[in-house]
Structure formats: structure tokens, C-alpha cells
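In the two complexes below, subunit A is the common chain; its partner is subunit B in one and subunit C in the other.
Now for the complex of A and B:
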């Protein structure tokens, strides 16, 4: 068979018609490269201002081409590690996963693809810092639709608004196992939350344990530096969630609810002990006296007891927990939940003397002399007063005292029209409790609703329950009836004036805008202060107090080396988790002071 | 006179344009009496690496199994993961996947044109086809952000939606390519040299082909119709109208003709896909990749890649990482076992033409 024929010989000559055709790959001969496509995956660009240094890009990079390194001019702060990605373009495989996992969408890939150098080190550069012009050439960018972050929070089941006001039943129902696993799986483990938590709890670690279905591990990790986790799981102010990387484009991980889920799996004190199974050291002979069984005092007692110290708490009230027991309403934090945690702490060997008010039932001096170290965690029991006319009328009650009575199981008659003054969590609590007592409730707050220091969830909850909020209202006078009982509140409308110094806008009353609303009770909730009357004689001089708070060093030590202080009476943030953090620092301080210098162990 | 056999080493530097592998030939004169393949120059342990990476990170390794056809491997991995997890893929994503897979098929065949012709000394055709392949790579660049490694088909769908006006560009490119295919055929299939060098060369015994597990164009060049897209349709192939060409010759010529006709079928598929593509979602979002765990179990999926049927096996122990990823490529059978058998009795000068006709891909053999 012959393959050679005329057609087969001549046909290849048709190739000549392509002679002189322009090549496609070059724009111009000899060498002007083509412009890359709009989605091209070229060198990285990072918006340095937008980046929070979470390191998610470095975690996903399967070539380990990304390091997180400090940058000049970028200071780390809460919610920003201060680190920025540096990319080894010699290792990068241009998959762009770093872009798709970036929670802030600061990282993108550009159209730039040409870089020639004989210096191998020069392939290592920081996008955005070393190529600021990349901003104009961004190509492969992250969008919410293509992002690999999970922006939607698993909704928390709650009682319906009008159902809630019928009783003091807990409003938040808690995640079930499936919901908790799903919510925990959203976490990218960046650890920005750990930095923001006053107590630096190991948040990514316990969330990871929950996500893997290992709740007991989660509980153990949580108890590492927080002895009241179920309380935090229910009512923490959660600074962690404010800085959550996912919150930049979505809803933050429900860190608080996950902690709640994990700790609720341990149903009673015995189970907690079984799970945590703490190592309790041999008694070392040191005795520590603690004033106040609030979060800070309990923390000190728990961790010192584990370290072999003999701890005794003096508590003025019949129950432990401090403000978390007497200040927080039971629909947020049920009593049995607190009881089980206190019981566990007592089982570890902490002694609590209830109904023992230092300064009244026992002098401070006695405690000071009896113990090797003293910790003061007395909190802020005394409410601030408004200083307006008629404040001492009957029916004008301090919200803290009101909540104390209610939480103590007493009845308080507030009538059917309650006015609450203030915008913090105490104000909202007092309002919601009053709703549960059957009253119509109005909150007067001098700034705008968005300025309220209370949790937005609390504000929302109050509104759902029918609490009426009048913002920009400054009370000027309480009117009384002939029996000396409050019957109305007169307030002035305020307008918000921008602060010249750049602070938040100030409310300025509008003259003549006086409005009077009826009231059967007025609850004042504009803040509390300390009561240090128990410090008598030499102690009042020796232990320094400034602006209503103890002066402490980084180990919570006061100006008397033997005395430590924490909680609201020593920090400005005045929440439970800060109190626990103070307690944890004091534990280290006390241990260092005693074991480091004193008797033989 | 007794002839003495000489040992000849072919490779490892790219015999043909297939990739790095070596063939040790024993030749008597120009005739091969024994061939032994030696591979191991491109081993990158992707299957093992996948066990250290999480389910999503592993996806970026898949395209690197085989340089000229990254997409079928991506597709196999994505579909295996979806099968194991029971994850639904949006209809639009399925169409986009088929579009990408068929574009990849054409791009890969364009490269094959260059290899097949180039191995016989016909270099012009290679320059044309590789040049025209760039039009498809341009499309890929616009769609996926990458020209060669697309990393585009991932578990749950595809990574990005089609850009504005992409469909028109695809159709325009298809029209252009269709015209160019005529030129190629003039230059290659009507070429007396090509016919002389390929007809009756590298003949595979059809029975042996089935027994040994030969797939793809080499099998269809033996007159046996076998194509996963028809036999076990995945994505939306069952809604598309196309033919699977077969040839009877069992030689290089037959295999080349199968491929020549397949390109035209791929163009036909792409036109239908563009026509039928529904609107809607393109991605059924996976959970947070760092904590994405697949249920315990395993899955095996088959895909019709360019060089034949490939299989992806994945096993999960319920953790964030694959327990095992195994890829069954076509090239191992073709270029290791079959090649050794096929080369015996052939001329030394035909070795690289035979390798190319079998779809040899050393990176895919070793992974």
C-alpha cells in the first residue's frame, strides 16, 4: 500500500497561507506582555488597614508560604494582632485559598505576574507593604458569596417575648448538641478572642473540642482559668465576640453560648468534679482570707485551693456569687446554675462563712492578722444617686436594691407604672424584672439607644417584652402625692451635641421641654460605687484607694503587700469576667509572694 | 550473521513531549526487541500529601496530578467528596463543570496535536495547535484566574460564576477553532508522511486492550465503544447529545482519528451547554474548611478524562483530613505496561509517536 499520492504531497503546502500571522500570546513583538484577566491570580495584595492579622491565610496555605510578621507602623490592639502576612512567592501555588478564607476580604491577588530577580530572598515580601501600587491592580478578590467563612450564626432558641414576661423562666434555651457542633464549626481558631478576653480564656481550643464532639475536653479547658464558666456562659459581657474575625462581615461566633453549652453538659457539682478531675496539691500550710464571695473572690479561692492553700471566704450575704447572685435576674442566670458551680468550688475545699460582714461581724484587723494573705473582692454595692428633687420619696428605689430583694425571694411592690432611669445592664434588668411583676415599664436614658452601655441583646430582649425606651431624656424632678409616694417623673428632652474633643456626643437638655410621666415606682440605675467602711484605722491609710478603687499593681497587690484586691473594686471594666481575671492574676501574685519568700513548703 | 542487541536509553528528558520518564530499549539494528519503562522522576507524593492536608486544601493538589488535563482530576476529587458527604451540587454548577471539562479536553488535545505531529517531525502543526490552545487558556484565565492550573471545580460546585459575556466569548472561540481544525487536518491527516508513519504502527490487540484495562482513545481506536460519559453519565452528560467516535485500525492512525473527531464532539457539547445553562447558584457552600469533617466511609467515582477513564477513591475516618486519596489514572496502564508490550518489534524512530498516541503522562503515572 502506498501512502504517497499527489493530494498528500500538496495539501501540507496550504500551511503557507498562515505565513506572517501575528502570534497571539504577545501584545506587541518583541516583548510587551498581555494584560491579565480581571480574575487573574497573580501576586498578592493586602489592604493593610483592613487586615486584622488573624492569620487565617497562613493557616489555610497548604504550602506554608505565608508567615505572620510584625509591620512597622501597625500596633496590635484588641481585635488586631498587629501581624501581617508575608508571602514566600517561591512557595506559593497561586491557589487563592488565602483570599477565599480571609474574613475581612483584605487579601486579594493582583494582575501582576512578572518579577525577575537573582536574589532568592527578594521573593519574600509583604503584600500591601512592599507593593502598595497593587491596590489598583487587584484581580482575584474575595466576595461574601465566594467566601469560605461561615457568616451565619446558628440562631439561639429563646422563649417568645410575651411568653417570657409571665414568669422568671430562663429566656435563652441553649443550644442542643447538633446546634452547638454547627456553631463551633464556624470558628477559624484565629485567637483574637483570647487576646480580647480579660481572662484570656482558651477560646479556640474549647470551641475546637466542642466542634469535634468532645464536650468533656471543652469543660476541662474552660476550667483551666475560669471557675465560674457557666455563669460566663450565660451572662458574660463577651468582649471576645466584639473582636471575632468573622464579625467583620458576618455574625460573630456565639462564644458565650458555646461555653454555656459545654458547661451545661456537666449537670451537677459531682459531674463537674469527675470531668475536670483537678489535681489538688498537698496542703502547703498557708492560709488565705478572702472578703466577698463574688467572682473574683471565688476565683482566688478555687485556684489557690488547688495549689494547696487553705482558703476561707467571708460573705455578707446568705449565698455566694456576689452580684451574679443578687444583681442578675434569674431569667438570665438561674440560681441552680450558680449553686452547682459554688458547690463544686466548696467540694475542692474552699470554706465560705456566710452572713458574715467584715467590719460588722468580724473586724478587718482580725482577718488581716489571722491569714498569710488577704484578698478583697467586695465589689460595688452602693448605688449612685441622681441628686434630683424628690429622690427620697417613697417608691423611688435603687435598681440594685430592687434586684437584690427580688433575687432574695422577697416581694417588692412597684405598682403598674415603673420608670427606670439609666441605660446599663442593671437598668435593663430592673426593667425586665418589673415587666415580669406585671408593670408597664419605661426606661429614661439621657443619650441615644445606640449609646446604651447595656448589651444590645438585652436591649432587644427588653423591647420584645414590651419595655418602652425614651432616649435623650434627663430626669429633673420626682413628683410625689400627698402621702409622700412618688407619682410622676419630670424630665427634659436632650439634644446630642458633638463633643469638641472627639469623644462621644453629649446630651444637652433643651430648656422648656419639660415632660411629666406618671409613675408608681422609679428605679434608679445610674451606677454603683464601693463601700470601704470596713477598712478602719491604720488600714484606711495603708491601703491606698484612688477614685473609688483600690490601687493595685499587675499582680493585684495593693499598697499593703499582704493585701490583694480585685473585681469591681479594683478594675474599671466592672464585669464578671474582669473580676475572674483579677482573681486569676491575684492567685499568681499570692502564690509568688508566699511560696516564693515565706515558710518552707 | 548473528546480530548483537544494543541497549538504548530513551529519556528521561521528555521523550516526545510527554514528561520525564525513561525507556530502556534493547535494539537490534532499528528494531526493538525489548522495552523496559523506568519511572520515578516525577514522584511528588500528592496522594500522601493529601492525608496531611484538610479536605479543602487537598483540592489544590489535584490539578497537579497531570499537567495537560488538570480539570478531570479536580472534577473527580470534587465529585468523590460530594458523594461521600451527600452534598448537592447546583444545576448551574454542573453545566459550568461540563463546560470546563470539555474546554480542558480540547486544550489537552491541542497539546496532543503538537506532541503527535512533533514526534514525527511535523513541527508546524504543533506550533499552530499550541498557539490556538492559548485562546482556550485565555478563556480559562478569565473564568478561573489561572491559565493551566485552574483550581476551579471544588467540592460543592465551582469557585466563581461565569464572568459577564463569557458565553459569547466561548462560542466565538469555538467557531474559530472549528475552522482551524480543518487546517490541522489538511496539514496532518492529509499528509502523506503522517499516514506513512502511523498506519499500521503501534497496533494494540483489542482483546488484550480489554484484558489489560486500556481506556480512552487507545481503546476506542480498537473499535470498542467505551466512555464513562455515556456508560455512567455524571454531571449533566445525560442531558447532552453527542457521539463517541470509534475507529477500527488499532494503530496510531486510528487513535489520532478518534481524537480528531472527539474535538468536534466536544465543541458540539460546549455549544449545547451554553445553550442549556440554567441561571441560579453556582456553589453549595461547604462549612468552614478548618473544621470540615466528612463522614466515615469511602467513595469511588469514575470520570472520562482526556486520556481515558480515571477513578478517584477517597476514604474518610471522620476527621478533617482524608484518610486516603487514591487516583486511578489511565497513563499507568498505557505508558508502563502496554507500552513495554507494544514497542517490541517496532522501529526506534516510532517510539515517541507511539508514546504520544497512548496518551503517556508521567506525572499522572507517579502522582
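Now for the complex of A and C:
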């Protein structure tokens, strides 16, 4: 027994032998923090380029932690609000709902979770802008499986392809109530679509009204700036659906079909009037003359009539509707549907003189002098010709004229082999109508199928109905028989040559690739142009026309202040909704010119 | 597996006349049963049928039906089959039997459901407070709990720093000059 417990003193020093050894508890020396789990929910990261600023994240956030703010270098445009989310990290609870509802999957959560600062306001920052390196550590990302968005459209019931060609029955059958509510519920109400719509219709509002089961309110909202919504509900070119937030990863909301559903709940003109119940102002004594009862003319007449103007439309044809009446086949847009809308517009007090062609039955001068303002919505009635040999043979018909005759209830004999030339909606319409008349139909188009300006649904519909499409084919000659009737079309195959200036590829004919196909009729559909022969004498000079269209200002006013113009004859987009938008702008222009800007005149 | 699933369904529906089997694909068997029979069916599944493991107890607030739904999820290691047992309790007087004598871990799940949904478990022995500290308000996982109002009341509102926030719909509307009528505004987001 000694005073010093030597063993007890020295023993702990044996622990020193561990010194310098690799520790078991740390993976790396020096210390490297462990990486968080694969689906860790740390700080946000936002792919600024992919984000469209729909604001769905800000809406879902129950902690009100997300604001939408403008970012330098990002300009808002169609399909992008120009705003980006900024997050108050003092409020965020990392629930990840913002990621789950992000339609583009631009927003995600990262593995980062450390942030230290003594300035409370510095917890407010923009993911993706203030932490660009977060991209490397994305963890909780939006996948189609985890997303709370519904990417599948409620399928539209349609007649089957070979059933359709038996008659002119409407192909699209329309949503029932249950389907419409389900489809409307997919909308996230961001409103990006309203910018793409030429007429800026109140899309999120009426879709939301349908989703909530209030169809009457939906109809009322729709009629606020579109007097022909059932037509748009059936045949609109729907630029809105192209920019739909849901379309980034799924099928866009069926905005067109929902509008159709809502407007079809009002079965006749009286019911429309009862539902819309518009306020019609006392007559203000001003008279407005309108040339052409197409979409733009009808829009001008309807909204001016509501504002107390006395409106008279002059229409060359026996029925109103313009191209929507005489250009669109009845299987897409039945006549009753149009009649109902025209009847409603007439009930509001709009007068329409049918079978009255300006320039022939009544001179333009008379209209100009009789009315306080004139609106010209004459459209593009004259087809372009191909300019190839044999185009004047019998059986070579212009597609617009062909559709006009058919829609007018006339018979047109096209035989059993029809060739349609062109790739726009008129060409497809003419082809599908010819199928219904029992012919074998071939479409010749100079570019590729994907370059066709027609709606893809129309192209697909035509193919389902057995229409044969030959792309990259340039017609060079129509052959006739001894009676002067067309019997074949000769065309050259074309190859696509990339455009050096960066435009779309041009078709260049291949020498010697001449091919001849038999035909009993050829329908040309390569576009239309205006016919302004009704503007005589002094008016031809006073009202300026450039490149086949009226020159108008932002109020649709021509170079003659009293004359306004709209529709195909004034815009480049050439569709019904743009015509309606022109009309709506002209309404404001005419009102401003005649009664001033004061709202309560 | 399909045969075993059929056997399980058959045995349970034979022993529990009120149990309704809901069809499911894969290795899932699913029953709905009145709440009084929950301890009995769980005992039976554990002791007689080999469902040794309680994976989870979940709760759903059916506000419109004025009911809560409790879901007990069990697992059998031998059959590799999971059983879901659903039951509904009244939302006004939400009381349920405690089952932590069958599986000890049920105690934790029940504490959580008690705190988040306000369902009382008769005979549950555990401190009243679980995850929420000094919570005075209504159970926060109930659907009628207004999270937004709570957040606005509770968190510091950086009014000045956040004043440049914009509404997406309004920004686009201003840009296009769209005139939104007043009666339509209630349908905006």
C-alpha cells in the first residue's frame, strides 16, 4: 500500500493511445455535416426560368408566408405574370404544400436548413434568386405522382369517327353537369389565360362559378364582354388554353368546353335574356351604322345597343353570323345555336337588314351620311387563287365558296374523289364536309403536318374520319378531260429547307418529282382577302387600307374619325374571338367619340 | 396472397357481422365497423390472425357529415398483408376506446389524435400536453380551424418589408386593361 495509487493515476493516460486514430462517430475528418434525407424539406428553391408566376403557391400557403413580387430581368408576357414568389422564412412551416400545388414543378425544397442572422427582415428572400446554388441540393420536388394538381382533362364525349361522316350531326356532344363541375374544379384561377385571350374574357371567374355550381353567374360573367359565347364555346381558337398553367405538365383546362357548357344551360334567347338580365340604358339619340353581321359587327351592335345607341346592321347574306354562319360547317357549329344568339341580340334592340349588300343595294355614302358613326366588319370574303394552270376548269372550286353553298343548304356535286389544297381550318372543314358528302378526300399541303395552321383537334378529327393528308406537296397543274372538267392534280414533292433568317423552314419543290392523282373536284383553300369595292370615290382615299387591311388605331378608328373597322379586315389574327375583341374596343371608341369619356353621360 | 386475403375477409365477416369489407387491390384488406367493436376486432386480428404490428392510427375530419373517421392500420409479418379498419365517431361528442393495452405504441398515436383533433380516448393515461405548447385554441387539425386567421394573429406581419407584394390576377388585369365587373369579383382567387 503506497501513498500514491500509481495504477489509478496512470491508467487514464492509456486513453491517449486513441489519439490520432480515425474516429468512429464522424464519417470524415475534418468534420463534414451529414447530408439530409432525399425528400428533406428545407429551404425553397425556385427555377426562375420555369416558373410562370401563377401565384398558386402564395394562394395555398396557410401561413401567408409567400408574396408574389416583380423580379428584375423578368418581363411579364402571355403565359407569365412576371411575378415570382418571395418567402417569409419566419412564417414558413415547411409543410411543402406550395411544392405540391406548383403546376410547373419549378418550386422545390432543398436539403439546406441552416440560416443565421440577427436581422429579422433578412429572413424574407426569394428562392432561386437569392439562393441560386440551391439548385444542386433539391430534395422535396414536385412529381406528377405527388402533385395536388389534376393533370387529366375530363374527356369530352364525341361521336366516333366513322359514325360522324354519315351526317352533319354535331361531333362534340358537350359536358354534362357532373363532368363540367369536375373539369372546372381543375382550374387554379391564376388568370394567365385572360392575357392570351384577345378579348380578355373573365375566364377564372366564370370557371370558378361553374365549379361552385352557379351556372347563371357564369353566363352573366361570360356575356360581360362576349355577345357570341356559345359560338366561342364551340369553335374558338382558344389561345387561352395554350398558356394554361396546368398545360405545362398536363392537359390544359377545357376552357372552351366549359364556356360551351355554361352557355348551353340557357336554351333559348328568352332564357339568355332572363339570365343575363342586362341593363339597357335610355336611348341617347345617337345612331350607328354597322356593315356586316359577323362577330365584330354583332359585338359592336350588342354593346352599343345596351349603352343606349340606335344600331342598324347591313348584312349581304340572308342570315347573320358572317363566317361563323357560312364558313364553319354545321357539325362543328349547328345553326340553331347561332340563331339563338342572334335572336337574343335582336331582342336587345339591334336592327339587322338582311340581303342588303353595301355598295350594291345601298351606297356606302348613304350610310356614312345617315349615321353618327360607322363600323365596318366586312371580313375576308374573297379567296386567294393558286395561280396554276387549269385552275379555271370545271370542278375546281374555292373552298370558302363550297362551304358557303353547303351551309346555305345547297347541293354541290364533288364526285367521289376530292382534293383539298391548303392546311388551314378552311381546308380541313372543306375536307371533312366532302367526307360527309361521301367522297374520298386527300389534302395536299406544302409544308409538314406539324406546320399546318389548322387546330390540331381538327386535323386529328379529319384523320379519324378517313381524310388522307399528303404533306410537302405543291400543286403545279390541274389536268382536265375533254369536257373541260378537272380530272387530276399534278404536284411536286417538296423538301423542307431551313430558313437562314431564322424563320420557319421553307418548302422547296424537288425537280422531277411530279406525281399525278385523280380527282373529281379540287377545293382550293389557301386563304382569303378583303373586298373593299364598296368604298367608292372620296371614301377610297379617305379610309386608308394597307396590305389588304384597314389601318386602325387602338380604338379601331380608321383614318376617317367617324369610321371604325374590325374583324379579319383589320387584324392579323383572323379568328372570331379577335373580331369580338375588335368590336368591343370599337364600342368604347365610338362611345368616347360621341358621348365623351364621362361614364355617366 | 389473393386466397389468404379471401380467407381473412371470410373469417372476419363470419366473426363480426357488422364488419363491411371494402375491395382493394394488392396486399390490402379493408373493413369498416361500428366503433364499439373496434377493441374486439383488433384483439381478434392480433391474437387469432397474426396481425402483430400496429403501423398507424389515422384520423379524418368529415366536417360535412359531422363525424370523425379513425383508421387503424395493421400488418402481418407472416402473410405480408395489411389490414385497414375504419370506424366513425360523432364529431360533437368525439369519444373512442383506448387500445394501448393491445399495442403500447397506440398510446402515442392516441395522444396525437387527442391533441390535433380533440377526440377523447376513454382510459388513456398520458400527460395532456403532447406536441403543442401552451395551446389554448381549438384542435388545429380540425377542418374548421382557420389556419390563415391563426397565422395572421400569431406571426409578425412584416408590413413594410412585404408591401411590394402584388396580386397575380390584378397584375395581369392591369396589363391587359380588362374590366372585371363587380359581381364577378367574388369568383376571383
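Throughout what follows, the second predicted complex is superposed on the first by the 562 of 601 C-alpha atoms of A that agree within 3 Å, B and C clash if a C-alpha of one lies under 4 Å from a C-alpha of the other, contacts with A are read in each partner's own complex, and residues count from 1 in each chain.
We take it that contacts are C-beta pairs under 8 Å (C-beta built on N, C-alpha and C of every residue); 3 or more make two chains touch, one makes a residue touch a chain.
All values derive from a computational prediction rather than experimental measurement.
> First (subunit B), second (subunit C), both or neither: which does A:60 touch?
first
> Is A:508 contacted by the first partner subunit B, the second partner subunit C, both or neither?
After superposing on A, A:508 lies clear of both subunit B and subunit C.
> With the two structures laid over each other on chain A, which partner does A:186 touch: subunit B (first), subunit C (second), both, or neither?
After superposition on chain A, A:186 lies in contact with subunit B alone.
> Which partner does A:38 contact after superposing on A: first (subunit B), second (subunit C), both, neither?
In the superposition, A:38 contacts subunit B only.
> On the A-aligned overlay, A:90 touches which partner chain: subunit B = first, subunit C = second, or both, or neither?
second
> With both complexes superposed on chain A, which partner does A:14 reach: first (subunit B), second (subunit C), both or neither?
A:14 contacts subunit B only, not subunit C.
> Should A:496 be classified as contacting the first partner (subunit B), the second (subunit C), both, or neither?
It touches nothing on subunit B or subunit C.
> I'd like to know which partner A:208 touches here: subunit B for first, subunit C for second, both or neither.
It touches subunit B and subunit C both.
> Give one of first, second, both or neither to describe whether A:271 is in contact with subunit B, with subunit C, with both, or with none.
After superposition on chain A, A:271 lies in contact with neither partner.
> Per the definitions at the top, what is the overlap between the subunit A residues touching subunit B and those touching subunit C?
Residues 59, 62, 188-189, 208 of subunit A touch both subunit B and subunit C.
> In the complex of these two chains, what residues of subunit A are touching subunit C?
53-55, 58-59, 62-65, 67-70, 76, 81-83, 86, 88, 90-91, 120-121, 124, 188-192, 194-195, 200, 202, 204-206, 208-209, 212, 217, 220-221, 224-225
> Considering the complex alone, what residue numbers of subunit A touch subunit B?
Those residues of subunit A that touch subunit B are 1, 3-5, 7-9, 11-12, 14-15, 18, 23-25, 36-41, 59-60, 62, 93-97, 100-101, 109, 139-140, 145-146, 148-150, 182, 184-189, 208, 211.
> Can you tell me which positions in subunit B touch subunit A when the two form their complex?
Answer in residue numbers: 53, 56-58, 60-61, 124, 128, 131-132, 134-135, 138, 141-146, 149, 151, 159-160, 163, 183, 186-187, 190-193, 195-196, 199, 283, 285-292.
> Can you tell me which positions in subunit C touch subunit A when the two form their complex?
Of all residues in subunit C, those touching subunit A are 147-148, 151-152, 155-156, 158, 161-162, 164-169, 171-173, 175-181, 183-185, 187-189.
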